[in-house]
Amino acid sequence: MIFDPATDKPQDECGVFGLYSPTPNDLAWLTYLGLFALQHRGQEAAGMCVSDGDRFHVDKDLGLVTQVFDERRLDGLRLPNARVSIGHVRYSTTGSNLRFNAQPLTTRTNKGILGLAHNGNFVNAREVRSGMLMEGALFQTTNDSEVMLNLIARESHMDLVEATASAMKELKGGYACVLMSRTQLLGFRDPHGVRPLVIGQRDDGAWVLASEPCALYAVGARLIRDVQPGELVWFDREGLHSLMVEPKRPTPCSFEWIYFARSDGELDGVDIHESRLRMGAQLAREKPIEADIVVPVPDSGIGAAIGYARESGIPFDYGLYKNPYAGRTFIAPTQEARELKVKMKLSPTSAVRGRRVVLVDDSIVRGTTSRQIVNLLREAGATEVHFRVSSPPITHPCFYGIDTAARKELVASTHSIEEIRALIGADTLAFISERGLREAIGGSGLCGACFTGEYPAGTPLLNDVDKLALEV
Amino acid sequence: MIFDPATDKPQDECGVFGLYSPTPNDLAWLTYLGLFALQHRGQEAAGMCVSDGDRFHVDKDLGLVTQVFDERRLDGLRLPNARVSIGHVRYSTTGSNLRFNAQPLTTRTNKGILGLAHNGNFVNAREVRSGMLMEGALFQTTNDSEVMLNLIARESHMDLVEATASAMKELKGGYACVLMSRTQLLGFRDPHGVRPLVIGQRDDGAWVLASEPCALYAVGARLIRDVQPGELVWFDREGLHSLMVEPKRPTPCSFEWIYFARSDGELDGVDIHESRLRMGAQLAREKPIEADIVVPVPDSGIGAAIGYARESGIPFDYGLYKNPYAGRTFIAPTQEARELKVKMKLSPTSAVRGRRVVLVDDSIVRGTTSRQIVNLLREAGATEVHFRVSSPPITHPCFYGIDTAARKELVASTHSIEEIRALIGADTLAFISERGLREAIGGSGLCGACFTGEYPAGTPLLNDVDKLALEV
Amino acid sequence: MIFDPATDKPQDECGVFGLYSPTPNDLAWLTYLGLFALQHRGQEAAGMCVSDGDRFHVDKDLGLVTQVFDERRLDGLRLPNARVSIGHVRYSTTGSNLRFNAQPLTTRTNKGILGLAHNGNFVNAREVRSGMLMEGALFQTTNDSEVMLNLIARESHMDLVEATASAMKELKGGYACVLMSRTQLLGFRDPHGVRPLVIGQRDDGAWVLASEPCALYAVGARLIRDVQPGELVWFDREGLHSLMVEPKRPTPCSFEWIYFARSDGELDGVDIHESRLRMGAQLAREKPIEADIVVPVPDSGIGAAIGYARESGIPFDYGLYKNPYAGRTFIAPTQEARELKVKMKLSPTSAVRGRRVVLVDDSIVRGTTSRQIVNLLREAGATEVHFRVSSPPITHPCFYGIDTAARKELVASTHSIEEIRALIGADTLAFISERGLREAIGGSGLCGACFTGEYPAGTPLLNDVDKLALEV
Amino acid sequence: MIFDPATDKPQDECGVFGLYSPTPNDLAWLTYLGLFALQHRGQEAAGMCVSDGDRFHVDKDLGLVTQVFDERRLDGLRLPNARVSIGHVRYSTTGSNLRFNAQPLTTRTNKGILGLAHNGNFVNAREVRSGMLMEGALFQTTNDSEVMLNLIARESHMDLVEATASAMKELKGGYACVLMSRTQLLGFRDPHGVRPLVIGQRDDGAWVLASEPCALYAVGARLIRDVQPGELVWFDREGLHSLMVEPKRPTPCSFEWIYFARSDGELDGVDIHESRLRMGAQLAREKPIEADIVVPVPDSGIGAAIGYARESGIPFDYGLYKNPYAGRTFIAPTQEARELKVKMKLSPTSAVRGRRVVLVDDSIVRGTTSRQIVNLLREAGATEVHFRVSSPPITHPCFYGIDTAARKELVASTHSIEEIRALIGADTLAFISERGLREAIGGSGLCGACFTGEYPAGTPLLNDVDKLALEV
């Protein structure tokens, strides 16, 4: 049995990246750096395509960016006069045969060769796909990008930008996409801006699109602005073009600030690290407790723990050592896997011995990991463990690209907070309030569907098993 | 530099295989055996798909059958109640990024999931593809199978058999295909039967399709008959169905008997080994010579050499040792590659020392290898070398799935036989006559386009570089 | 070019692990867990051997523990009735041909088959080896363990324990070793206890030896005590035996507390995490500064930074994001490697913007990384950067198993502190004093040779290039 | 289950190769070519070492020559001024952990670094090893080369040539070795010359040692002579030196002519191919039969089959197709493995249909494969199958480096010829006589221990299980 010890967290599905360079550039190398910076958004597969206006190279495979692109394979993509490129990292699953679902998806169309990579989910993809199948379309993957590409190709009388705008109107959901032809780079974000996409520029004039600012910095670009909800941007020799296709009330995903996004950036004008400090402070105000130290669950709880410590005046300490090699898969006999998973990753330090501990984490999904961490702290001599969570209870699944879990697996959808507390064995348990979270993040609107069940960008019509599924 | 020492031969492009089993069978395993028997028809890539009527699994990759399908990957395809499967081996090239062109190609369509694998070539694929692109189709590969699948999917009002028959009428060229849905196996051969396809059956009732009989024997099936030129056959619970879609004058490829097909089978009623003996005998009658021994270029010249020896009365001997490991790629510095290539593969035995040698090979393409073999024999002490070839001079390229070489590289298209003789350094050089070849093979008709330039199944309209090519 | 971004740190050379189980146990699996916990001590190679009293299996290779031991290879070591095992992880280098130097080293001797793994260095290994070569010994590796094994085998009249004690007396330096025969586990530590070794026991009675307590916890054992400097311990059916072979003044390596050891343990009675908090506090007292926030260089500066923040009252903050995937090797063009190295690993958060920052790190070796981190902070808007180091300046190389760097590369051996400050571009730079460090760690004695040049366990006699070196 | 279909043959254990070049040469590349030519002598592992007089590089691993030495690893051995090199290929087993037993074995000694590779077996290795263990020697492998190296190193007062001669006197058995220091190449053959070793020279003056002449030809060298039984040769700047250490009655292994050696060479003055023709002719005279065709079991039976056909006047034909990919391991379910093994490798052609077949093979070990081949021929329509074997019945195991099988597995040691005939299902079965074989090979003496039980070079004293065995 192979397992990944880093679990029981909401899982982002993907990161996207794109480059348009008015002058020849080593785009394969820059895309490699950009994807490396976005690696936390997806560990299952990585891919990129690069064009010099004539040739159009693509390579992708299962694995981390550094595993897929060894020197030989990266060299195979290094076109000397490259102008356009896109890249993609995909989330981690245990499936090993999903090779052919890796992105970018590339295809020849009546608009020339196109490459597309997306983050997020189209909630009506199945309906659209069914209709196109009836019209004679082929679907070689189970990848939503293929639906988008079919929609674009179908509009044979339109140019690429028009056809893309038309496809944006047809597909519902939360998504951010990068799309390239031999000579253009396009990027677009769903009408509510649920998934993030930022624009950057390098000093040499090259334009960059990425899921997060960290990938801009990685290639020496500065943050210009976010792509707006419902906006379609494209880059060619003339520079940056923009079309507001279908903007609606912005509701970016709150979990980007809670957990997904790297703390060294900002999204939609809100700094990630600072918002986490504010979540922690808010939590301290909402759910105070008398204790000796504040301990984060590393690394995702660090920001909120510092905020909690500062607001409460309780000293921050490093009470859980995190094994930096724990992200790597390792062998585990089934029966022991549960306990080992956490134990090989996290280990208490002497800081917790004889102390009343406030343990701060960003979220609780199933609760299994939380129980084991509480247990580890108690075994190490913590006299009290007060669990504080910088997100509200997760009660509903996400349909916009986040793999939380089936609803019945979400501990907060079936248990009261007191029941969860008992389950994980904490002395007290408290979550930040939804209102408190919105205040801590700030901004005009947020998607909190997983806390509230209110889905701003719609839900799938068909929930039955996809009978057309091609198992590859 | 990596090279394959086994070159300067016409190169078959593929082998196909299919199974329909009325009762549950271990089809992944049987398909593995069938593909292993067809390995000589393609060494670049291997793949298969298997269905149990519900699930539809596919796996494919670059490499030999035994390299692609290790135990783990084969196990991933072993559906307990499998009913239908197809498989494919693809020819050897040096390209390493052609992973996504491997077959079978699988796709969801309005006729359910389909898997298709083909051997051969559609000469009008580009025109058909261009038209469909304009209608909004996507082409994700440069694989002709994708054109066939689009044609089948386009006929949304027809069932799978009707739509396949319709597609057969639209595509021209020389081909043999296996096609599967979750519940049916189909096979079809071009109107002239240029590429081979045979039908077999196991004692347990399972039906088998394969490029050659050896693959039937490998899975314990007996040869029932050849698929007829222009025939579409399909298998379901009721058994074998047949439809003559567009039969024309049969002209199977003569090179299957000369070189490609394994000597342990028969195609279109003509035994491979016996036809080679007859070619050698014919050659001895047409082009006799006084000599001491007849030596084959192993392994492809063995049959004709035995035939030549028997007819001429000159003793057969084993004058060239063939290194069984020479098929494996090995490293070679560029400057030495030419000479090394042959030298590491073939080595003269003492049989040729002081002897007048009749050297028998099946064909000469560029002539470079032939020159080196003649040279090896002379260095080993052969006093005379008389080169005899069991095919006529190759003067034209093949458009039906054989990678001969560009026309200008075909030594016989630009040189007289006397010039070739001088080039390869033989004392005499003679080829079998076209008429003699036809007599030796027998049968009603043969494609000899590469000798005559007469293409029974048409030629491509567009010969310019495919500007839509997606380099993957 | 391949590089490991995690550099410019002293590099520990190895971790060792051993098990003796009075009852049959899954020792391969337990050793795997123990080595996984010790992975931070060596990433180049991993190995283990296991015996059931009769069979003696060994496997080792280049790579991380989880890379070397996939399921198949671990299964090959899982003897059902295993009683004794040892394991080893080796430090990271770029060499790829060092496969045959991996440990444990196994050999047949007149005392039966033995397996040996060591951490540290024998300073007189070359002299001893030269003498034994003259007597007819073979040396198949450049591994010091082989010298120890030859010494043990040479004493053919002694039993294993006596011969090991004899060898301990002959070899000088700083080392900790685990040694096994088919039925015994031995462990020993150099006379000064420079390198660590701890003893643990599981509830089922199994005895454990490990470089650090974390490996005991990983296999469910509790810490019993440290092996004493100069002590030889061994385990058999009767339990734990001890012999004080040559105890001298204990001088354990101070860098175990400063940097190497995981913060979730204690060595020689001194808790790692607490000692780091004390180092930070001591540094704050010795080298105070007026500033807005205290920022650690993650992860190694965290403990000292918390200590500094608490003592100084300046808020602790998370000012540098560390990419958890940065430990993986990635491709870098030579010219850009320097800057990229740090940039892809560390990225400033908004915490430093407009702030006066106290930056806390554990050590400075060459200073190159430090300069880049300071630069990153300034680019991110830090108004002042005050660099504080929780170790004294490193001025001398280590001869006891730590790969610092050649003396001329140690920036502090050739530059004044003011020169280093200018070099790294900090506003102020200060190191903990040697006395302050000793107080912070506590304990009776410490090896601080790299700060002072006083080598308690001797230095190598011969420094010229080893002319006998076998390059493998 | 993984199996190699090419079995039921005596298995040679190794091939050795060595080069001494008075001028700088690309010895790694030449050694690669030499080993490639010797690949038939061992498929389990390959290795080489190269020296330029100063550096001494070695690399080796499990796999074929072309698998072990990819471009990167070969480049790692390409010293610009290389003067001396040796190489080794090792026989095929299914064990996967035997990595550390690969050759050449390299070690530092009082005579500098040495590399040794051997073919064959020392029958008193265990006694010698036991004695040296008592004196304090380490044995890190179960490789006999290590015993030889210990003997050489023990004579610390002698130079390398003297010490090697001394070691030759001490070790008994059948062997051929190549040995190198930084500046010398040595080669030696056991007193009876059981295992072969030939000397060649290139036009540029470089000296070559190899198990067979084919490896000389592969590097552009001509055959000078065989190393004599009991002779030690060495090469340095002055050229070729020779010392007759302990010559005894020459008894080279008869199986080199029967089966092992490539047919494109000669050993001890006797041409391989011609001797096989003579064996076939002798067999035809000794054991005539009325039949329609003579069919070889390819490839090893070809020479004898041609000889048989010529002498008998019965036509030779190619009745069994051999799949050139059958040497590659493939997956097989245990229960079917037996039949599949032969079926996937050999397939009858139409030549045997309705014919009385003389089937010629070189040997029968267990008889299982023979039974299946006979069965295949009958199923294909052969009316009679007359089995003729060009070696006498194998009744005794080989102790000189050939892996026949345990005695009880040798079908001829427990069954009469008539019983074997019944077992394999042939109409008649006949072996060449021992006298006939000796006449066919010619030469002064031959080792036929496996036919006669007379072991010219001694037998092992200790046959019990080696209790010191290190399982790696």
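The chains carry the letters A, B, C and D, assigned in the order they are written, with residues numbered from 1 in each.
Heads up, the rule we're going with is that a contact is a pair of C-beta atoms (placed from the backbone, for glycine too) under 8 Å apart; a residue touches a chain by one contact, two chains touch by 3 or more.
Bear in mind that the values here come from a model prediction, so they are computed numbers and not experimental data.
K.L.:
Considering only mean CA positions as chain centres, point out the chain farthest from subunit A.
P.N.:
Farthest by centroid: D.
K.L.:
Averaged over CA atoms, how far is the centre of subunit B from the centre of subunit C? Could you give it in whole Å?
P.N.:
60
K.L.:
Give, as an integer number of Å, the spacing between the C-alpha centres of subunit B and subunit A.
P.N.:
48
K.L.:
Mind checking the centre-to-centre distance between subunit B and subunit D? Centres are C-alpha means, answer in whole Å.
P.N.:
Centres of subunit B and subunit D (C-alpha means) sit 36 Å apart.
K.L.:
On subunit A, where are the residues touching two or more other chains?
P.N.:
In subunit A, no residue touches two or more other chains.
K.L.:
Using the contact rule from the top, write out all pairs of chains that touch.
P.N.:
A-B, A-C, B-D, C-D
K.L.:
Show which residues of subunit D lie in contact with subunit B when the two form their complex.
P.N.:
My answer: residues 2, 29, 32-33, 36-37, 39-40, 64-66, 69-71, 74, 214, 217-218, 262-264, 266, 271-274, 299, 302-303, 306, 310, 315-318, 321-325, 327-331, 333, 340, 343-344, 347-351.
K.L.:
Show which residues of subunit A lie in contact with subunit B when the two form their complex.
P.N.:
Result: residues 55-59, 76, 96-97, 100, 105-110, 112-113, 133-140, 146, 149-150, 153-156, 468, 470-472 of subunit A touch subunit B.
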